[in-house]
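What follows is a group of structures, each given as structure tokens.
After this come two complexes, each holding subunit A, first together with subunit B and then together with subunit C.
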Partner chain A sequence: MTGIGSGPGRLARSRQGGVLARLLRVRELALIFALAIICAAVTLREPRFLESANLEQVALSATLVCIVALGQALIIIARQIDLSVGAMVATGAFVSADWLSVHPHASILWVALIGCVVGGLLGAGNALLVAGLRIPAIVATLGTLAIYRGGIIALAGGRQISATVLPDSYGHIAEIHILGLSLLVWLAIGLTCALGWMARFTRFGRNLYALGSNPEGARFAGIAVRRHIAGVFILSGVLCGLVGVLWGARFGTVDAVIAPDLQLQTISSAVVGGVSIFGGSGSVFGAALGSIIFAVLQNGVQLIGVSQFWLQAIIGAAILGTVIFYSRLARRAERSERRSRLARSRS
Partner chain B sequence: MSFPLRLFVRWETFLLLVLCATLILGTHVSRYFATSSNISIALASITPVAIVALPMTLVIVTGEIDISVGSIVGLCATSMAVCLEHKFSVELAMVVGLLVGTLAGLVNGLIIVGFGLPSLVVTIGTLALYRGIAQIMLKERGVSSFPDWYQSLGFGTIGNGPVPWSSLLFLALFGAFAIFLHVTRWGRAIYAIGNNREAARYSGIDVRRTILGVFVASGAVSAVAAIVLTAYLASARSDTAMGLELPVITAVVLGGVNIFGGSGTLPGVLIGLLVLAFVQNAFGLAGMTPEEQEIVTGSVLVMTLAIFGLSGAVRRLWRR
Partner chain C sequence: MPPVVELHGVTKRFGAIEVLGGVDLTLDAGRVHALAGENGAGKSTLVKMLGGIHQPDAGQILKDGVPIKMLGAADSQRQGIAVVHQHPALFPDLSVAENVFIGRQPRRMGRIDWPGMISRANELLLRLGVALDVLTPVKALGVAERQAIEIARALSINARVLVLDEPTSALSRREVDRLFELVGRLKVEGVAILFITHFIDEILGFSDDVTVLRSGRHVITAPVEEFTPELIVRAMIGTRLEAFFPKQQAKIGAPVIGVRGLSGAGFVEDVNFEVCAGEILGFFGLVGAGRSEVASMLFGIVRPDEGEIEIAGASVRPHSPRDAMRLGISLVPEDRHNQGLVLPFTNRANETLPVLRRLCGHFGLMRRDEEKKIATDYSARMRVVATGIEQVTGTLSGGNQQKVLLAKWLIPGPRLLILDQPTRGIDVGAKSEIHRVISQLATEGLSIIMISDDAEELMGMADRILVFRNGRIAMESRRGAFDREALLLAAAHAPRSSDAQPPRAA
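This part shows the complex of A and B:
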């Protein structure tokens, strides 16, 4: 199983500025290019796409998926996977909204804190299974997906917490605008930059790439592999809990079955954003761009007036198209790499 | 390690104990648990999952995964429904369903093998694609004009005994898959690929063709599951079998198949399926909602794996 740009040659190559490293660096640019093409195509058919109200809707729907996709991207970079994100978002959303409906005068910061703590605890449950008991992440989170989702549905007992029982200040979070952009969008941008910086420049972040591209090697290099895996699962849980709170603020109504296929949305955002499913390469910026692309596609399909029944098929085709494109790209990069190495050895 | 001890630490033996515990628990929960009608209900409700679990075992043993099975089942059910809408006979609809399923599996396999892409990503893509095609074909309509004999395939039992017809179908498929995986050399090739793909390739196994075949089998057998499921539900919609992949993978993993490939047996998967069927049934009889049963399913999966993992750790300590 060789991920794109993984393996021992990775560091050396990026120092030399080889073709592969250059391509990897440009991958986010290619995504922005693709995004621009999609936007232009939608605008040509339907100029209303560029109206600020519509763009704001796109940004808001991208925001929620984007924040979860950041955590998912870090987990995939560390060669793990988290299938329980949707259930964690629902749990965070319901528990925090339920608490708020009982304490309507509490500060919103407390609600956000509760959401994050709930998410963090659920993430710690995943961390215990994956890092502590060494159950493969895909299986462990498959189990916790059922446990968390079933748990919150049982706890909610069919109840729905609607805007009528929640204080107005909660819904106002989504309406606060700074410099013309919603607070939620700023939050997503801030988190993307912060986590992007963390992944690229901190020891924790670099270690995630290291153990993603070669777990054995990372262990021999003295990286506390299990502690890092536990950390990244808890981080994902905290992000999910936060998104749960934002979810309630944006939609006004919270029940236990929200975000049913968020795990697939976030994994495909990360993959379309260039994160290798085998770990060790990709970036959280790519995952953020991936989530924006999906939000634009969804909005565009609705706007152009294509029947909503086409949406799933278009998304599926987009995922397949991108991964096939990436594999061609990687193969070509490999070939030119080999050629340049050959030329170097001759000279 | 002596022979009985070695038998004991096998996953299948451990799982058999879990199954016994489930059955004992079930008889304590309700006096209706051990009745033949209840057993037939428990078996009939797990059969679609059980049928898809057979090729999924093969897929996971090769070290791949197929997330798109639920969508393939939905797409087959939708194609059959469209055939019925056009007043074709049910037999023709079943053939069309089987063809569509095989084709869907073939497309999965060709993308994975042809481009050398990870199956997890490809089948996430086709999960959306196939479900989308089903939605385009059937929109929000539901079709329930299945003839009576067809519906008895899902619910009817053999001579009013506890065994549903669909379980007989499953057993026939199970026999075929078990012989294929555990007796033939193609089955050994599947294990070899899951253990070490490079070594398998150097020993002359056509890895790409085998993986392609496994995905085609997954699609074709998903179509069989679609037939059983539409018979069981007596209707077909574009959202039929949404999320089916989760219980299927749960059953396969619970059955002791290594998620990274290379090990696991079909008898183990069979016991895992029975555990799932009777756990859900018992807690349903105890008055639990489907959601609460979902917690139990997840917990059974996580706890059996955790207990087995812990026992392994204890054994390692013991030996030291």
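This part shows the complex of A and C:
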């Protein structure tokens, strides 16, 4: 509700409560606050966390999840869900890497384009099912998750495309640094800002919030609901295809079973980032922050030497904790809204 | 000058059912045209046609004398037709300003012009005389304010036609007056207004022309001066006109429940009353006056802060609806769809829901025969019109759903039945059937509390009426001494607005 994504509403509404409560009401600030606490806690136990090599690892692992989470956030805001993102990333990665192994001298931009087109086509498949045939998104993408994943496994036939058959230039993308930050990280930042701007300042973006908030109302208000839903699924597909290409560049090796849990990671990032699972509220910035929080948690747990198994439990606790926090916050905000409205109407 | 909008012989079928058959309608600039008809008469379909949601299967829609085709809500807006649908189609998470301009946000260089949108929203609301912070999310607003936003939306497209689909059913009297004042201003500006309502006094008091539909057919169109309430009702329901409120006088017995000094729910204060066997006690008042709050305290939904509830001489404290049911209290809630019924269930399953425990036999299995027998009995007593007890409740008309709901809360065998707005949103024919059932129950010795916004309805049904205002009982009136004006005055009369508001607990 209160977020950068909800437009300038936040400016007018911080009337009550102390400074801290007021700041916490802007979800993104609360998230940055939480992130700072987590970083401080990890650093106290293990100062190596702050070494630049480690921070770079954290940033890189956040990057790939983050870009997919941006699309996922927009989809959830529109009251849909995309479970097929992991399979779309794997397909995009394998097809583009396979093409590159046959055309080793092609420009890297061509590879990126192929990844995006493949992803876009797969996203269009989801769009067709959800917007065209009106199949509930959770069912439709559960189906395409299996189809896309099964299809690419069959196509790959167990093959692995490793760094030895791929041109060096491919792997180099991940090593390009600008102002000390990896190109991949810059790409994620750029996409976050671009999509954040779109969500707030374009009709397409605001209409996504509207139809997530009240789908029937959106239709009655003359919004082309199905076109918007189709658009956001295709967008998610394109982002997945792009991430597939980056995936190969970062890890050097691509096979058909990469990114098996990506749908859960991206949904978690969006939810922890304050995107309401019921649609209509939240922001892509929140989802980006959510993906960073998970990357930090993962890295911190490894550094401190806690068992990997605990990581799962910690992530689960983080999800539930934030959701409980938000729902209490929302209830408080609603109560105070109602009170101030009453006071206004009395005066 | 041709009429702004004309419908010529429009017909609409859903499957085999013809919901509109060759209907004509003319909307003139600067006139309010009321559309009346029972539920299922085709009013909402007609509204959706004007809103571009449905397209006619036959017939024509003319705008300024030129035939037009509208393939969606956006087309209808482009034609200058603004529709305020029955359930406000707003976006709870978005701000007031965005709700006004959704789908048509002002843009500058490809991006939404937020400052421009905010100032234009402010302007529109000012024109309507509504003071609202346009950056408030709509979910924090009340029904009346939401309706004002819908009307602001209509203004923002410079509507030449404004369609209001039952705009008043969720509003209190005062809010209705405000709405009419707003619409009146638009009328003066030359907007053609189509106004759909269940309330006959609103038709007579507010419109210039009246059209009545019955079962998808056009019955009559004439200037309002030619109508009387009886004429409208007769046109709506055809030949099966019954006495409006067929109350049978019941024998009033000993007190069943007594309430003393009841306070709580934030603002209810010092409420005292008794209900006797066979008596129908009316609760009248504006929405938010405390009527429903008293009911929820009796039914154990809200715990009172102070006061005593006595049943058959013993003091009781219902802590939950389950407790209250055990004490012999049933509450038929106002909101049929969310609180009252499980719409995908069959009538049988809905009716026996509160008594499943009693219907359980060996190993917790249901005694199906007994369940069927009970459901059949009560469906017949309530005169539910359905294919049988196995029809899905959601497929019934509103009036029949209400009868199923009544059956559901009579089956536990209550001593006191509380009815919260039992005829809201129900067509005239079904209304008088429900009145007859209620009256019948009273003659069988049941105590009944009936909450209603409709003074005439209570005057027809109740033995006594309590008028609530600001959480207190403002007036009590007995049958024979009922006076409509006195009731309304007691409910709505507030000397100064500052002490009109109940002192709500923080």
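Convention: the second predicted complex is superposed on the first by the 322 of 347 C-alpha atoms of A that agree within 3 Å, B and C clash if a C-alpha of one lies under 4 Å from a C-alpha of the other, contacts with A are read in each partner's own complex, and residues count from 1 in each chain.
The rule we apply is simple: a residue touches a chain if its C-beta (ideal position, glycine included) is under 8 Å from a C-beta of that chain, and two chains touch if they have at least 3 such contacts.
What you are looking at is a predicted structure, and each value in this text was computed from that prediction instead of being measured.
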Contacts of A:280 with subunit B and subunit C, given as first, second, both or neither: second
Which of subunit B and subunit C A:271 touches, first, second, both or neither: first
First, second, both or neither for A:203, with subunit B first and subunit C second: second
Partner chain(s) touched by A:219 [first = subunit B, second = subunit C, both, neither]: second
A:317 touches, of subunit B and subunit C: first, second, both or neither? first
First, second, both or neither for A:139, with subunit B first and subunit C second: first
Overlap of the subunit B and subunit C footprints on subunit A, listed as residue numbers: 1
Touch list for subunit B against partner subunit A, complex: 65, 111, 115-118, 120-122, 124-133, 135-136, 139, 238, 246, 249-250, 253, 259-260, 289, 291-299, 301-302, 305-306, 309-310
Residue numbers on subunit C that touch subunit A, as the complex places them: 51-53, 72-77, 83, 85, 88-95, 98, 102-105, 107, 110-112, 114, 118, 131, 133, 135-137, 139-142, 153, 497-498, 501, 504, 506
Subunit A to subunit C touching residues, read off their complex: 1, 6-9, 11-13, 197, 200-203, 206-207, 209-210, 212-214, 216-224, 276, 280-281, 334, 337-339, 341-342, 344-346
Residues of subunit A that touch subunit B when the two form their complex: 1, 81, 129, 133-136, 138-140, 142-147, 149-151, 153-154, 264, 267-268, 271, 277-278, 307, 309-317, 319-320, 323-324, 327-328
